[in-house]
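Note that chain A is present in both complexes that follow, paired respectively with chain B and with chain C.
== the complex of A and B ==
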């Protein structure tokens, strides 16, 4: 983390019990009892308003706890704080959902995986697994045989438990109903063409106005983070492509970067150029698919075909070099799998020339359409404060006026050498979320154009040891994925497989804010809101 | 009468793994078919195999390739698959595109049960066939054939659109090799099937505690 020195003294002043731990990126270890006080101070006095990532950890003897990665969006300062509770049976931490709204879903995730009770959290249900699931799967002592395949239909559990602090320092479990008896609740998903996968909403309606929305995740939760703990580092790479499959390059880039940072390996300029170009091509691919899917959801089937027509051109270029259409498996620790194809430069230039005028076609057919404008303009407004508080990065955040591009905030690859604009719009409605992405295609074309002629000579794969072992410590690195900040938190105990590997999902903050922005919208607008938020469900569920 | 399964777009000998369908044809011929019923069968199966409607069902990566074969370049409309239905009641086959997790398994079973007979299942990609890269996970079903009967397996991670088209053409061949008259498309007999169905319905009526929120 970049600006740790200045913040160190200030944190020690707020909380003398906080201990600085040097290993890896470095983080503050705070006792669970004094964590809430520190969090409040950091949020209100120090202005750390963006919770980048919340990671549950099982530290064995040291107990269970969470690691909070915070950022001050004004000054760009970063800090990581960890809070552990030594009592494994009844692990509990104070909830920070009121300080950062994005913590709400993340704490539910940590409860689901580790069984950490967050005191004061209003709705501490499991997020991914079934309510009748036994045990907590990401704990190191979890027994796989506890939960055989259960073919009984899941019961709809309508009350949400919460743990409330009592005066004597303990806590009691309270349950309150999620929906009232009189409410009209309809179910959307998990099998629904407009939820972009297997996401499930339960929507409380009054007429056709949405009063409350409850998101159910986990229908495609594959337990990737747990699987990674038993794999060697090169083996873990394979899973990143399958998280957000429309950002396969970028996801893998993030994990490779994190491992390389931990190894202290500098990659050659050629690798950084190739990775950057590939990331941008992938972004174009993803945004084209976004337009295609949004238009299909809204009934404009022609644009679906246009989007796929142009997307195939990108896939052809990627396939020629990497051999894969959707899942490329291209980045490797210390470089890329193979050198670029001899025709790569020529093909990319042809594509840039082809794509620019085609964008005009989308504007003529789709953007300018009256129906599209009426359905998108003014619906699903997400304010800038909410976007930061929820951590809704990517196109969604930028449409709300928050300059949250990781390429600008923490440049990686060769983004510091290229000249590109960060598209930021102010309205925060569905139309702006759409426009941000269309304009980003143009920007991505600009970036690729600047780089494609200047790829330097050099190695495409650095030499690494056959067995990769990382030193002890923890690292966090992030890239700008196709739909927001994709972060990787890596904790190593000096072994050849990670002790804990957490992927900061780009989609989870997006679905956590969907309740806020769709309230008082019409039920039909939910489709447009979901379409423009552009989440990918396997990335949310991991 | 002699029957064969021809697909217009591809030569018979170009298909691999024919034993399974050959076996079906052999049984068909050995049992003998009435000429009238056989002719009717031929006509009906020609129609059925060229208008198989898929259910739009996708859980992960393979779903994007499923969309790609729906788009202009690969265009499965050429084979009669283009009418993708969002409701299982109207679909002929379900293409299980993506990983099936423990939480999704009852939902998939219900979707399958909601489809009208005759119905088919295509397991697409490594995850649906065996759990794929996630086989050792605590929350992944190791192959959808543990939950529902599968007709065609399409390997790949994800399979290329060409592979999907090939798999779907194999499904067409299977449809053509079946007898439409004389039994539903089940590995169990009609009586057993009816009994199972009755048990299912009765159970639900007695208890009335099943989750109605997922009903389409």
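== the complex of A and C ==
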């Protein structure tokens, strides 16, 4: 490899204006003017092809901007770059949607929350909030009283604004219509049985064929990131279970890991074992629900109930220890809420023995069914390049041939001690996305089986100070959620509540690629695509 | 085999003794109409109850258990609930057609229902081109569905209606071809005659290979004809919310719902009549003792047993198989079922001409 020089030196070589900032995980600070050049170089010359996370930040005096967490999927190198614009009134950054397709939606989110204008972005509408929302809520100088409870219906806005750079360095606002006058546009959602929650697609049809698809998010936007800024660290934990409610364990694991990393706290082996086992049980739970919902979307109601029957067993085990079935509230800063139930080990072993033959049943009824294969094979193909570019991690990415498992890329918990396969398939179609998840259930069973007998003795909750304050700095940690990389970006100013807390949604990249993969598919295919992408809406909207 | 014709002709003779013949026939028509509608409703209730129990059994559930023994009163309660619900009319819909559509669907269903020979002497519409009439009457339903989808001024409904139109008109062909295959074997189109000719063996046995192929084609096409899974695209609930009847409420929706279930029964009972001997008991030529024992079981028991068996088959398929896609449905029909049906018809002609059947 010729890129042996440390990444820091290479970035300084590309862009001398970039300054390394040590606090926390460390990141490069780049002035807004020179950011675009650095981004292009990082993308094309250095091969940082995966935008892990894009976080809008308000740094007060230093200005508004974004933090880009990048990864080179070839070498596994990571770098964080922050670009700030000091002009608070008219903050603008060059858009990088053409370098990383996943940036498209993330920039809309940053625009929505911080009012940063992304020059060159083709469709800079608000992503979550209403179009008539006043002000930008995650700015530190935002005035709550600007937006009283609004009882008016939201006007449908069919224009997409974009800011285009002019020759003199300024920019002008242009508007493009989303749909033509004569297009047959139907609403799928926000109340629709197949969107798995309040997600809304506006679909332009030609007969049954989808010509264009526009995703509307925000129907369950609760402003969790904003809420977190006024809460102490232990209080912020409560929100994670309500993001991706099928990945409650993993989400909370990610946030606890991030805070523990910032505190410099090493948790005991017992805690790490318990957390890992719980994560995997949660993954089985989520994947079983995935099979159930996919089959229901496709009209095979029998498999729906089979999925729920088996998921019940997992939930019973989780409930016995955590007391919760959907909202587990189990992980805590420095450990877990309670020690595992005395029957836990026995029940988990029984479940593993029960589950293995049941998977065969799914294959017999669902996987092997000719209609299932006809409908799933070859539909909704997401290429490997697109998967990386959109940042579509999890089962979706792995079905497209991208080995994107955080458990392998950045091992946490005790994943480095267990032996498991990362399921990677090549076709990127709906059938592979389904198969990846079914096979991952087996792998999760293997992981749990290896760990369940070896849970070491030790503390289940480390001693922490009653009031947790983090040092100044910023940290990012990620876990493999049930449906992709779930990341937490935490920025602290030394206070007892976070200065900025951003959750990298697992679902947002998945819905951002729907338009690409469902064009020229049929309505029925859209349902299958939505089912196999396996997004959870509260996780998208946060 | 008991002939219910004895009763009906006795009633007729009693009535004509009392009043002029025209009035007697009029009264008989009214009575028969009421009986027909009552039976229609009872069958619908039985079918809905059966659907709930059968699908519960397939899905590791129990189904209704609370109202009445084994939940048997549940459906009746639901019918009353449906009757009391408000019928909502959508603004900007075509009011006349919107209100007409459910009645067209139920009309087609009742007319087709009247063709079914339940037992010997218990057939209402029975004439020499009964099969043709049945095909014609049952085809009216698609008009109602198209109107429902079009007049409710809802894009989902319209897509559902278009799917339904494409699907039902296509699959009518296969139904026709498979019934035609049996007509070649029987040389009659009268339902009562068709049943009578199966006294020495049901057609699925007498016609052997071509009859079995026709039976399978009929089951597939019949399933598609009544818009049930895996062919339930017109009302694919996960794609089009409820398809063509999205905008209907109360009893207007109830009519669609009831018609769907009775149509399932009609399709099954026609399958039972044409292929499985209708009310004719199982007769094996040569075993006279066995045949005599079989004759003790009344005809309508045979008929309902066979029809409900076919219903159960179709329910099993519905609750297990996922839904097809619109292009796959049309491919299945036009590229597979129709050519196979045509070849099968030819095969049956060969079988009949060379007397290869039993």
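In this section, the second predicted complex is superposed on the first by the 537 of 542 C-alpha atoms of A that agree within 3 Å, B and C clash if a C-alpha of one lies under 4 Å from a C-alpha of the other, contacts with A are read in each partner's own complex, and residues count from 1 in each chain.
The rule is short, and it goes like this: a residue touches a chain if its C-beta (ideal position, glycine included) is under 8 Å from a C-beta of that chain, and two chains touch if they have at least 3 such contacts.
Here the structure is a predicted model, which is why all the values come from computation and not from measurement.
Trainee: Once the shared chain is lined up, is A:171 touching chain B (first), chain C (second), both, or neither of them?
Mentor: neither
Trainee: For A:179 in the superposed arrangement: first (chain B), second (chain C), both or neither?
Mentor: A:179: touches no partner chain.
Trainee: In the superposed arrangement, does A:309 touch chain B (first), chain C (second), both or neither?
Mentor: both
Trainee: Between chain B and chain C, which one contacts more residues of chain A in the superposed model?
Mentor: Counting contacted residues of chain A, the larger count belongs to B.
Trainee: Let me test your reading of the model: by the given contact rule, A:523 touches which partner, first (chain B), second (chain C), both or neither?
Mentor: second
Trainee: After lining up the shared chain so the two structures overlap, which partner does A:192 touch, if you call chain B first and chain C second: first, second, both or neither?
Mentor: both
Trainee: What is the shared patch of chain A, the residues that chain B and chain C both contact?
Mentor: Correct list for chain A: 192-193, 304-305, 309.
Trainee: Across the complex, what residues on chain A touch chain C?
Mentor: 184, 186, 192-194, 205, 208, 295-302, 304-306, 309, 365-366, 369, 371-372, 374-375, 522-525, 527
Trainee: Would you tell me which residues of chain C are touching chain A in their complex?
Mentor: 55, 58-61, 155-156, 159, 163, 229-230, 232-233, 236-241, 319-328
Trainee: Residues of chain B touching chain A in their complex?
Mentor: The touching residues are 56-61, 63-65, 67-68, 71-73, 86, 88, 98-99, 101-107, 109-111, 133-134, 136-141, 146-147, 157-158, 160, 210-211, 213-214, 216.
Trainee: Write out the stretch or stretches of chain A touching chain B in their complex.
Mentor: Residues 128-130, 137, 142, 144, 147, 149-156, 185, 187, 190-193, 197-198, 202, 218-224, 226-227, 230, 238-239, 242, 245-246, 289, 292, 304-305, 308-309, 312, 325-327, 537-538 of chain A touch chain B in their complex.
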